[in-house]
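Would you mind keeping the following structure in view while I ask a few things?
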Amino acid sequence: MLRVGIIGASGYTGVELTRILSGHPECELTVVTSRQYAGKALSSVFPSLRQRVDLVCEAPELDQIMGKADFFFTAVPHKTAMDIVPALLDAGKKVVDLSADFRLHDAKVYEQWYQAHSCPDLLQEAVYGLPELYRAQVAQTALTANPGCYPTSVILGLAPLLREQLIDPKTLIIDSKSGTSGAGRTASMGTLFCEVADGFRAYNVGGSHRHIPEMEQELTTLSGEAVTISFTPHLLPISRGILSTMYASLSENCDMKAIQSLYEQTYADEPFVRVLPAGTLPATQYVRGSNCCDIGLQQDQRTGRIIAISAIDNIAKGAAGQAVQNMNLMNGFPETTALMGAPFFP
Amino acid sequence: MLRVGIIGASGYTGVELTRILSGHPECELTVVTSRQYAGKALSSVFPSLRQRVDLVCEAPELDQIMGKADFFFTAVPHKTAMDIVPALLDAGKKVVDLSADFRLHDAKVYEQWYQAHSCPDLLQEAVYGLPELYRAQVAQTALTANPGCYPTSVILGLAPLLREQLIDPKTLIIDSKSGTSGAGRTASMGTLFCEVADGFRAYNVGGSHRHIPEMEQELTTLSGEAVTISFTPHLLPISRGILSTMYASLSENCDMKAIQSLYEQTYADEPFVRVLPAGTLPATQYVRGSNCCDIGLQQDQRTGRIIAISAIDNIAKGAAGQAVQNMNLMNGFPETTALMGAPFFP
Amino acid sequence: MLRVGIIGASGYTGVELTRILSGHPECELTVVTSRQYAGKALSSVFPSLRQRVDLVCEAPELDQIMGKADFFFTAVPHKTAMDIVPALLDAGKKVVDLSADFRLHDAKVYEQWYQAHSCPDLLQEAVYGLPELYRAQVAQTALTANPGCYPTSVILGLAPLLREQLIDPKTLIIDSKSGTSGAGRTASMGTLFCEVADGFRAYNVGGSHRHIPEMEQELTTLSGEAVTISFTPHLLPISRGILSTMYASLSENCDMKAIQSLYEQTYADEPFVRVLPAGTLPATQYVRGSNCCDIGLQQDQRTGRIIAISAIDNIAKGAAGQAVQNMNLMNGFPETTALMGAPFFP
Amino acid sequence: MLRVGIIGASGYTGVELTRILSGHPECELTVVTSRQYAGKALSSVFPSLRQRVDLVCEAPELDQIMGKADFFFTAVPHKTAMDIVPALLDAGKKVVDLSADFRLHDAKVYEQWYQAHSCPDLLQEAVYGLPELYRAQVAQTALTANPGCYPTSVILGLAPLLREQLIDPKTLIIDSKSGTSGAGRTASMGTLFCEVADGFRAYNVGGSHRHIPEMEQELTTLSGEAVTISFTPHLLPISRGILSTMYASLSENCDMKAIQSLYEQTYADEPFVRVLPAGTLPATQYVRGSNCCDIGLQQDQRTGRIIAISAIDNIAKGAAGQAVQNMNLMNGFPETTALMGAPFFP
């Protein structure tokens, strides 16, 4: 039985991690921390967990919690993560970090989008935890950088096209829409019910969202040439779900049947990527509460473009679900353990 | 491995049954029927099930499907159910019926609220499938009548009070609110998104809802005297969830601490009933997607009333979850099998 | 042209007042205050108002703003209101106060539910601003206490029954459900989108909601005997709307046709109260954005009770709309000015 | 007083037209038709209209209704419209048609996307009713083709860029998101509450949506060269609102300050187009229930693209509101009559 801890358990990612782990037969959640709720039962912070999870939040004092688990999820803001992770690794723990702190390989890029990095050496050690691309590496590492929610939807949706040079990367436009849980559980006027419900808006328009360097890093690796994207995130009046609509000009002589087939083959053995039949499109409500990523493809013959659309649950495959998938790989558990539940619909 | 069939799989109860059963280690879903979608993959009817459930809908021809399973859920409208169930029982199958056809013990009452009953003898054999009240009987029967969604929330919420004569049954007023999935998946103007969203209304006001006789039957049994209730259902702009707010005058000299304690004791060993700490109240979002029933109690000292509030997920504990709980009991599986997942929040 | 000011314009009541006043031909909004947004354009606080309202928020310094308007709406929290209103009245201004500070006639009752009252004398001068009950008095006063949202829906829904002694007041149970705008625009974890959406809960159960004394004061006046109610508020996942479901035992020999007729006569000349035809029930989506209060009645013959259901928009007839209705009366404008717009549906 | 009729009043456009017209001082709604609800009060079809609109639906028999109004809105499906409009014009009526039947100038294009056109001559007479482009022509015509909802948001959002050749039209990608009222009020499984709520999806992907030729016609006219667009519509879980996110490569040496300024000048005198300050972005909740179109602009310096974002209420500026705006122009009323109400927020 693997003893598992969550550092930063009082956010939406924390409660989803807890929910998934409560059904995991190979591990036991032994410690959860929350600065704000230290001393309170986690099930009073999240009443959904009553009689399912019986842990009291502890203050995030590494000395106190280090001995209580062998594996840690760090679900804290960027910057805070890099203050914690090195000590965990030094103590021989394995870690899945859900912040942005170890996703970028290049410290300069990190510093350009965030701030100075306090442990740039670890950037080389950390594995980008998208198992569909880096399964073998994740299985070997002690530190997995769990991908961002938008990047997960985008990279899975585009990987085959870029790897096979089927599109012109310079034409890539990515229009993404996310549920509000992505904004976190902190009191804020902008995400009050009455501000979000019955409405829709874009934000961070024009190339300023911090998930951009992460996407470009991976898309560049896939493509073999430098990829620069236009990326626009939007806020949906739903709790869970991301849908990314991705546009690119097809290279000459591309055949949609071949592309459809390429996607089906690429993901044939992937338990969590579902390539939809030609003519079918994904919807966030069909992946809700699951670790699935659904992908649909459509050609626009009039303009020579392809439109790839992917849907995930942003706090499952986009965060907590993928984190458990990585934990499974890092510990030699079957990769799908505790993650094969069908999506919740309706 | 128990072979299980669902007759009437294309409604919201059907998809939830399928989702739950897909994670059940002791049974295999072997046949699903749908008159409307016969010949189509169930996963094309409910894309959430893609790559999780690999069954094609069959026409509901008993001859064709009878041999394919040993246990059946009948999730068809009332009247249709009583045309099917006797043949299934005659063939030696066990059945959980999710319609209203076998919930009432008295054929006359049934006829008063529905229509003539074609197999009144079965009314005596059928067990009312609320395990918290009839666990032993469910374990012995071949036919369980799965309770209605409103009655599940109401009976669990009131049972201790009535059994111990702590309230005056004549003063019982039940104000219930249900998510829209209770209205089914049939095309209808009244449950279009734009008719329901950002709105709220009562319906079947004044004693006309067909769940009333079912509630009164069980509340009368609990109380020992005839109970007649005022019951008002409302339609919530959410997909899943029922919250019932129940009012009654307390008998003299009642002590809330004792009542709280009574509830805690009554449900102490129940895996799916969570009595909330005094001063805490349930919310549908904390039971969403689970088989839990949360109950909170509050006294109104100014008027001498007690207010009991219960919350369930109407298609889980209110339908499919409870049906699987009954199936577990009828087949000697641990009662909680496939049902202990924590609720989905957010 | 009446010069009008809003003290406390940055909440949901403030923006609705501003919207309504922007279409009022007899008055001009000349000053708006907001402690938090002083110096900012109101249309930057509420982008919906861009190019429709061209005012900059001022700090709530009475000296500075007093001369800029002849009529004031005070839309500030209780306690703050009673610090401001006397000075406005002393300066000869007329005021509609939207807080609770002047609704209760009895300072002792006020102190029991709130805190000490700093100007109890004004409690006798202030008129309870429900025009359907106190039209003449509102027209004569300089200080109108705008009713609470719940009380507006409840008092209008019950007035004829109580005035004519058609129900037993001791049996009154009021189950109300409100949209989330009632919780205000202040950052708060409990009203974040993800905490409210797709969910439903009760709050302040058991006789603790501060609107109770206000309802009881008016219901007692109508009834002629002391009325004590059970009142349970709930939080709906919608922005606007209150639906109150009210239960009471009918006096003997009551005839529903006569009651229906009584309601129709009582409200025949009321421009904002719509008594629905027998058999028809209100819904919040049919009053959204309007100053209407819809009322439906239904008998429960099985239990001898009547169920009266009323629906309002909590920030229109429940706050800003009614406040403008009172302003119209206090200034001799036609009562319906700027308020006759049909509800927004869908 | 202009006598006005609505042919096809029982849809969401019909109820919004009725709501707006009920506040219009220069016209009187004298006849409404509905095949389905003939003989029923319109206020029983839409209870929001109770005591605000007192008309009974009539069957759409032109002989019967022709004499009852001088001006008609035809809010019927395409194909049905072209069967009705010629007769109305022959009888000397003026018409705003809200279908697609008269929006395209070229009958061949119409036939390619719809079916054969029965009165192609009228295509030359009809004016495309986007007042911001064709104000003078609308004022002179007897037949205005009211633009589609998506095209209204797109054309207003792009007009200055195309007219001034500031973007490369070949790079135009339009990602639009619409509220569910656009799908109409007909019973349908796909737009049930539980299918739409808490979800998001694309539809008609790959160049198949019928609003494409209408957009291309107008964008081509503006640009002076043939424009072919990629257009992807999505379904939002809200009732009202369209947000269009539009991407294009900027021509060389474009300056964002100049572009911002160009938009502000272009729309300076337009009462319903609000160009947002630089750095500010639109949201559907800030135009809800109004005739406004909000536009925000942002450069993506990393890719040389501009992102223009526009928001409208799809049944107001996207349908009924714009139709009344056109009616005002066609009858010499001030263009803004009955349309200057501020948006509803929250």
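Here are a few things to note about the model shown:
A, B, C and D are the chain letters, set down in written order, and residue numbers restart from 1 in every chain.
The rule is simple: a contact is a pair of C-beta atoms (placed from the backbone, for glycine too) under 8 Å apart; a residue touches a chain by one contact, two chains touch by 3 or more.
These figures come from a predicted structure and were not determined experimentally.
The chain with its CA mean position farthest from that of subunit B is D. Across the two candidate interfaces, B-C and C-D, the one carrying more C-beta contacts is B-C. To overlay subunit A on subunit B by their CA atoms, one rotates by 180 degrees, a value rounded to a multiple of 5.
Per-chain Cα centroids separate subunit C from subunit D by 36 Å. Here the spacing of subunit A and subunit C, counted between their Cα centres, is 46 Å. Each chain gets one centre point, the mean of its Cα atoms, and the points for subunit B and subunit C are 39 Å apart. Annotation for subunit C: residues touching 2 or more other chains are 12, 181, 194-195, 197-198, 237-240, 283, 285-286, 288, 346.
Taken together, the subunit B residues at the contact with subunit A in this complex read 12, 15, 18-19, 22-23, 46-53, 181, 197-198, 239-240, 274, 276, 280, 283, 285-290, 292, 294, 315, 340-346.
Within the complex formed with subunit B, the residues of subunit C that make contact are 171, 173, 175, 177, 194-195, 197-203, 205-207, 228-230, 232, 234, 236-241, 243, 245, 247, 281-286, 288, 296, 298-303, 305, 307, 309, 311, 346.
Listed in rising order, the residues of subunit D touching subunit B in the complex are 12, 180-181, 185-189, 191-198, 237-239.
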